[in-house]
Amino acid sequence: MPPSPAETATLLVCCPDRPGLVAGLAQVLYGHGANILDSDQHTDPVAAKFFQRIRFELGELRTDRATLEGAIREVAERFAMDWRIAWPGRAKRMALFVSRYDHCLYDLLLRHRAGELACEIPLIVSNHAELEPVAKQFDIAFHVFPITRESKARQEELERDLLRERGIDLVVLARYMQVLSGEFVAGWPAQIINIHHSFLPAFIGGKPYHQAYARGVKLIGATAHYATSDLDEGPIIEQDVTRCSHRDSVSDLVRKGRDLEKTVLARAVRWHLDDRVLVYGNKTVVFD
Amino acid sequence: MPPSPAETATLLVCCPDRPGLVAGLAQVLYGHGANILDSDQHTDPVAAKFFQRIRFELGELRTDRATLEGAIREVAERFAMDWRIAWPGRAKRMALFVSRYDHCLYDLLLRHRAGELACEIPLIVSNHAELEPVAKQFDIAFHVFPITRESKARQEELERDLLRERGIDLVVLARYMQVLSGEFVAGWPAQIINIHHSFLPAFIGGKPYHQAYARGVKLIGATAHYATSDLDEGPIIEQDVTRCSHRDSVSDLVRKGRDLEKTVLARAVRWHLDDRVLVYGNKTVVFD
Amino acid sequence: MPPSPAETATLLVCCPDRPGLVAGLAQVLYGHGANILDSDQHTDPVAAKFFQRIRFELGELRTDRATLEGAIREVAERFAMDWRIAWPGRAKRMALFVSRYDHCLYDLLLRHRAGELACEIPLIVSNHAELEPVAKQFDIAFHVFPITRESKARQEELERDLLRERGIDLVVLARYMQVLSGEFVAGWPAQIINIHHSFLPAFIGGKPYHQAYARGVKLIGATAHYATSDLDEGPIIEQDVTRCSHRDSVSDLVRKGRDLEKTVLARAVRWHLDDRVLVYGNKTVVFD
Amino acid sequence: MPPSPAETATLLVCCPDRPGLVAGLAQVLYGHGANILDSDQHTDPVAAKFFQRIRFELGELRTDRATLEGAIREVAERFAMDWRIAWPGRAKRMALFVSRYDHCLYDLLLRHRAGELACEIPLIVSNHAELEPVAKQFDIAFHVFPITRESKARQEELERDLLRERGIDLVVLARYMQVLSGEFVAGWPAQIINIHHSFLPAFIGGKPYHQAYARGVKLIGATAHYATSDLDEGPIIEQDVTRCSHRDSVSDLVRKGRDLEKTVLARAVRWHLDDRVLVYGNKTVVFD
């Protein structure tokens, strides 16, 4: 029988490449009675960077978590590792940001209810009131922050206070039609996921389906990426495409695109929640 | 039994949309004993344009081809149609332009030999001598026109003379690493097919696999399009993508891309040869 | 501007192949002032069958619908055509059959609300009560018919009465876990769409994801088909697949499969509602 | 700079799952100065099996290969591991078996020449003489063993002698139209790769494209698998599909299928040559 998620932890590591990394980490885990269930590793020879994701079982742990974490910290310092560990029993807390489109919102909420997304969803934020009934159906708090050019800075501050207060560690922009400021983005580094409705870097910016129609492409795409201060330029987590033809009007592209946006965003969110994604430079490592 | 291609003709039509177009063409064909095998039609409501492809059988023709063509011309004039007709027994004549990469060249030659491409290949043109042995294996004339900045205009003139002399009506740039001049392109409008090794309009220009690697995309693509005087901006005929990941080096992308380039280019060439592609503005209609 | 759907009708035709079919239909439509917007045609040379879908505009009709329909009937009789016509203003009426899984149900209801499905949904039928709240959210009548071996025949009769009474002309089995009897199926020929959670004909019957897991396949699929008295043997409308690997447990396959089931079923339903699907023998013609 | 393949070795391991496996192997490699470049691991919780692929660098090795291999053997015995190691400088030797179809043959030979396949190809075996010129073009020995019902056993013996004599460790059936006997297959366990021209387990046996046509499927597939004594039942390495429609005749399916067969077989062969594939029961683990 597979070990219950309640007893497994996940360690993510990124550091300059050098010999002994795999052995060092395996040794410290084994020495404390943590049994490695899955280990995936990648070396980027161009960047000379080492990446590893280790999922391990705690059932036979010979020490407590604090001791194990201390031992990992020691190894990490020796090798100059960036690292983080996800212990069981502490679900990530995800906030959804939406405007008026409901397809990504419904999709994520239904997946959450079906057990596909390992997180809590304490709240939904919107710059409009329209989707409040959806939030209500799923029994989730809905906060409206109307945005005008004048109010934006102030409203963002309030949003950030709310997120901090509620302990949010993942923000998902589920077709949220406002650009977040650099300050906002800086507060949740590699913790804000956006869905862009094109195959980036094609059709950056507004109205990508109209751009795609005008260019006469034969495939349209969607891209989930971490938000950075450069619009549509953040590290890509996932992309996908679907076929279109001369028969497709802009509204057909929009319809086909909705399906893409939902699945691409949902995959990116799930991988993030499963601690499968590591960011470095403007790229991601996504472990299967 | 399906009618033999030796007895079927294909009519392609493009004109301003108005009532009576389908009936008008169907009537003239039926009246001359031409039996419609396949008819595909498209109306672009934005451009108010009508497109049709009709494949018909000649076995029971009551008149001769010239008479039928005259009757079609009459209808075409009445409706201000752009039109062309492909009669059986006159295969298109395709020239392949290559440089040093052989994968698209081999792919097209093998498909031609397998009967997938309805054309003759009287000649291969290259700016380098390396691929001459391939041409020899397939018994096809190989012409080398080395290109320098100084010689380019003159060499292109010689190439154009050669193409005209040999009655070429389709030029395929099978990873030909030279940009053709506007004059050259103007000589074969919507008759020069290029393969670009990216998902256009992403990564226009040189070294698209390097660009894709740097951007950290999760899919790479290839695009077959008609060449126009604007590099990489011509009407797109076909595109496809394949998945890549953080594990792929630039050379992995190049390897995966080769497979894409081959299949995307081959499909575009086959569709063109089967008279399935109509160009309007910067777009194509590709009938199945 | 594209003509509004409120003014367009769709004619579907299937008959033995012979000359004059396209011209005959085009002539009768043109003669009555019906402007052809889209016409797609297919000839199966093996079965010697002709198929056509014509979408036409009624705005300039010179006669009334009854007269036009009479004229079409005359042509149809002359050529021994099976035919049907969908006039504007009469939406199809779709009943959804479900059991306990809600993903296809939600998906279809949300698409309907987003305007993707041109139909009315007067009712939902289930053999269990669990999904009643979903029906309520969307304001649709929910009818429970619990099924036991003993009650099955009687319950089906009641279901059929209900469907007839409510004028249902499309039944969609959205992961309905009961096999319909031959009598039931015969009442809605080519009007009952089922989603099977495998790439048919692989993994016919029960627990296809378990079968796929045991066989170690590298792709899993889903198939939407018309229900016939032979389980999983009816004419296929649409299929799709998604990649899986040694890392996927049965429950991963189930999760990935849900996404496939939703999109494959939704496409099949949409095409049926748009009168794009013709059945002949055990196959379908699906016009783009 | 990435380490040259000339200095990297690959270790593949499969054993009953238990704690300490990852640490044990990492330790022994690190202790001998072998630097782990890539390590991928999988645990099948249902079968309670552990799988690992480790690629490591030999540049800084403190001992010689024999000593390292001895140390690995010790660990392997302690944990009851099945294992094999691929040292640099010893390319696998692949024999291609063909009949009359040349598309997979050409595809593999061209990929080999392009450096995509890390192996030697000492010989091609066929039951027909037709493809000898292809072998000649690529300067590879071509051996004809005509097969009749009577001669089959004897010819197979001669083939096996030839393969043994030439040190073949991978046999690729590149559309070879003869079924190999159980004895033959037993001689190269998990070392014979076949391409079946359907999406297994659909359309097992002969004429799968005809079967697919008759069933009216909307996708066709191809499957690369290890040959076992049960025809078309061996462990699947790779599968893929392509879209088809009512417009496709059997010969269209054959044409589209050729492209699938080529790419699916090539991927399976490459992964095998890169020591990415582990067989257990009737399944494979394929490490990226």
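The chains carry the letters A, B, C and D, assigned in the order they are written, with residues numbered from 1 in each.
Just so we're on the same page, a contact is a pair of C-beta atoms (placed from the backbone, for glycine too) under 8 Å apart; a residue touches a chain by one contact, two chains touch by 3 or more.
Since the structure is predicted, the reported quantities are computational estimates derived from the model, not experimental observations.
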Longest centre-to-centre distance from chain B, chain (CA-based): A
Proportion of interface numbers common to chain C and chain D (over half same, under half different): same
Of A-B and B-D, whichever chain pair has more C-beta contact pairs: A-B
Whole-Å gap separating chain B and chain D, where each centre is the average of the chain's CA atoms: 37
Averaged-CA centre spacing for the pair chain B and chain A, given as whole angstrom: 42
Multi-chain contact sites of chain A, meaning residues that touch two or more partners: 2, 42, 45-46, 245, 247, 249, 288
Chain B residues touching chain A - in the complex, by the definition given at the top: 42, 44-46, 199-203, 215-219, 221, 235-241, 245-247, 249, 282-286
Chain D residues touching chain B - in the complex, by the definition given at the top: 2, 102-103, 106, 110, 114, 116, 137, 245, 247, 249, 255, 258-259, 263, 288
Chain C to chain B touching residues, read off their complex: 1-3, 19-23, 26-27, 29-30, 33, 35-43, 45, 60, 288
